[in-house]
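Here chain A shows up in two complexes: once beside chain B, once beside chain C.
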Partner chain A sequence: MRDSKIKIIASGGLVGILAAILVKLGNPANMGVCVACFFRDITGALGLHRASVVQYIRPEIPGFILGAFIMAKIKGEFKSRGGSAPILRFILAFFLMIGALVFLGCPLRMILRLANGDLNAIVGLLGYIVGIWIGTQFLKKGFTLGRSVKQPEIGGYTMPVFAIILIILLLSAPSFILFSEKGPGSMHAPVFISLGIGLLIGAVLQRTRLCTAGGIRDVILIRDFHLLSGLIGIFLFALLGNLIFNYNAFQIGFANQPIAHNDFVWNFLGMTLTGLCAVLLGGCPLRQTILAGEGDQDAAITILGLMAGAAFAHNFSLAASPKGVPYNGKIAVIIGLIIVVIIGFSKVLDFVRKENKGGVQIEA
Partner chain B sequence: MKYFYCVATFHSTYHALQFEKVLKERGYEVKLMPVPRQVSSSCGTAGEFPCDKKEEILKICEEEGIIVDQVYKVEKKEKNNWLSKLVNFNMKI
Partner chain C sequence: MKHNVVDARGRSCPEPVVMTKNAIDKFDGQPIEVLVDAMVAVENIKRFAHNQGFDVEVIKNEEDYTLIIRK
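What follows is the complex of A and B.
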């Protein structure tokens, strides 16, 4: 296990250092890689929301999908599978995105923000841990979205093909694709470098299964630190990368952090919602993106849910900005927490009923 | 020197937790762990147990309604670190 521990720390470290390099090369601050933000930017570029400052087809995302796809194909691990509660996954992913856009970043960006001195990310991290803890309570009581089963082969190619289409749209830039002229959406590293780094990260993470939700879940649920060590790798190497490449931008504190706000309550609750959704889904947005490349259609529907969430977040003014969290966003997080907890309970009750029917005793 | 251990995978985390609880109560040496990478690219929870107890353990699972997906025999590589090499070396002398 020592060997695999080194591998997962190294793969986390690779993500951390490459994220710092992407910022150096033009990506927005503390956003070398942010899966939620990047899907949000893609959603905007496709015109599904009209927030003009966050529209760009981020090549890192198709990179992740195709990197994982190619690696899975080479290793014979590409399997067309799915059918595990698709609509519930869509809803959970939808609210995962709402939580992330209220906090301003997916769990990966949370770690990257922390590695650049943004202490608001600590508040987010605490919320994330609480969300995952709540999720594990549901898992302990029997929550499951059900097993995935083999699907028609062609279905597994959904996200890899979507990734290729995104790259074509990015390179050909037809007039119906929207590109930000100012704001974070206008800031990006050179296309082919972003794509190349995306491919590399996708391929490596397909091997090591790095997952921000899984890391914390395993510690809480089974006291296993394997996946967590990957997260520590991300943090340490992003910190190192930031100090080397982006030293002038490094500042420790709560105020005036790039693309962040310091509303403690909503940083916390946004990430609680994200953590809870991620653990019920069985993986954070980064991990879902990798799985979608391996032919997992449950992950593919999760991505569609993330994109729908991003579209609504900006169309309904739910997403936060450095100015703070809008009223609608606060309401949306509360609604999200209620709905997700109801989903958790209902699936647990469902399970208990089934077990009772089978004549098996359930202890409280 | 090669070491092997067995792991059971499950469809739900709940069954993995039950696996550990029920078998520990009966004095078996079991441990939960992330599904070994060699076994699957998924990141669920698996239960490790001694291979020679496989039959008994599977029987108990069936009695207790714990649904096991698959059982795998995995080669343990960690024993190949320098410490075990040293021990092996000394043993040879």
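What follows is the complex of A and C.
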């Protein structure tokens, strides 16, 4: 038990310190790793949105997928599985991304922002906790997206192959792939270092199952602090890494934080939406990326939903910028919260109805 | 034996643990048998059950795992 505690803290610590190093080597400030932002940049590089400042094939993402894939293969945990409410997962992932892009970061970046003194991340964290709490209430009442089942073997390779294609497109840079010339998309660590770090993180997290939503969810639901200690590991080591490698950029406060805005309400509500979606999906974007590498096609659908959300966010001016949250983004978050709560309730009602009919058999 | 089987195969995180928790809440001395098909669910349930003061025996089947939970 103690051993697993050390491992989860160490794996979180590894993510934290490597994120600080990636910033030192060229990634945008407080964005050593951001799963939402990186999928958004990839979506832009593929031309699915045209925000010219956030287009780049971030090698960390294919690294996560392939690192998890290789480790899962070695450990015999690669399994082609899926079929658990794919379209609902797509919708939940879509809105997870909208929430994240209104806050400006996935939950991992939220921790990294906090570790560099960005206090807006505390507001985001409070929203995230509220979203997760709402999600756990649905889980307690019987919410489920249903079982995943065994799928044709080749389906499990979808995301690993997608990852390889992304790397090929990055290295060959054909003219139809878009790369930002200015803005966050133009800032990146050397390709092979990013890829190597991605592979390492993917492999390690496949083993330790680190999940930013799970960390908070498990405390609320079952008083289990295991995954939370991993999140604390991320925070402490990112803080340490920032103080060592990026000391001049370290500043505590709300105003003028890098790639962030200080609109409290929408930082809070954006992350509420993200937290709620992450719990109903069974894991945060980081965890979904790892699962997609293990052959989980529900996670693969989730990634497609994240990318669709990113495309819409920039095509319809939903995403925030350091200037603030656009009107459309606020409306999108509200619509997202309503839709996701309806999904939550409807699945709970399904469960209650079945139970009343005596149709749910958890005790066979 | 029949009434203490929980089939959590194919369920997303954290449903296997929630289902196990519901069964443990109703524990009547009879061992609880939990079926799961992912190693992550095995680890999560083991950790949860140990924290609740239960012993867990893991049996590897061809495609899945059977966990026997008892005091």
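Going forward, the second predicted complex is superposed on the first by the 358 of 364 C-alpha atoms of A that agree within 3 Å, B and C clash if a C-alpha of one lies under 4 Å from a C-alpha of the other, contacts with A are read in each partner's own complex, and residues count from 1 in each chain.
We take it that contacts are C-beta pairs under 8 Å (C-beta built on N, C-alpha and C of every residue); 3 or more make two chains touch, one makes a residue touch a chain.
Note that this is a predicted model, so its numbers are computed, not measured.
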Practice prompt. Evaluate whether chain B and chain C can sit on chain A together after superposition, giving fit or clash.
Written response: clash
Practice prompt. Once the structures are superposed on A, label A:139 by its partner contacts, choosing first (chain B), second (chain C), both or neither.
Written response: both
Discussion item. I'd like to know which partner A:298 touches here: chain B for first, chain C for second, both or neither.
Written reply: second
Discussion item. Contact-wise, after the overlay, does A:149 reach chain B, chain C, both or neither (first, second, both, neither)?
Written reply: second
Worksheet item: Thinking of the overlay built on chain A, is A:282 touched by chain B (first), by chain C (second), by both, or by neither?
Response: both
Fill in: Partner chain(s) touched by A:351 [first = chain B, second = chain C, both, neither]
first
Worksheet item: First (chain B), second (chain C), both or neither: which does A:221 touch?
Response: both
Item to complete: Pick one for A:207: touches chain B only (first), chain C only (second), both, or neither.
Response: first
Practice prompt. List the residues of chain A that touch chain B in one complex and chain C in the other.
Written response: 1, 4, 77, 139-140, 144, 146-147, 209, 211, 214, 218, 221-222, 224, 226, 282-283
Fill in: Of chain A, residues touching chain B in the complex
1-4, 72, 77, 139-144, 146-147, 206-209, 211, 214, 218, 221-222, 224, 226-227, 282-283, 287, 294, 351, 355, 358, 360
Worksheet item: How about chain C: which of its residues touch chain A in the complex?
Response: 2-7, 9-15, 17-19, 21-23, 37-40, 43, 47-48, 50-51, 63
Discussion item. Please output the residues of chain B touching chain A within their complex, sorted ascending.
Written reply: 11-14, 16-17, 32-34, 37, 41-45, 64-65, 69, 77-78, 81
Worksheet entry | Of chain A, residues touching chain C in the complex | 1, 4, 75, 77, 79, 81, 84, 139-140, 144-150, 209, 211, 214, 217-218, 221-224, 226, 281-283, 298, 361-364
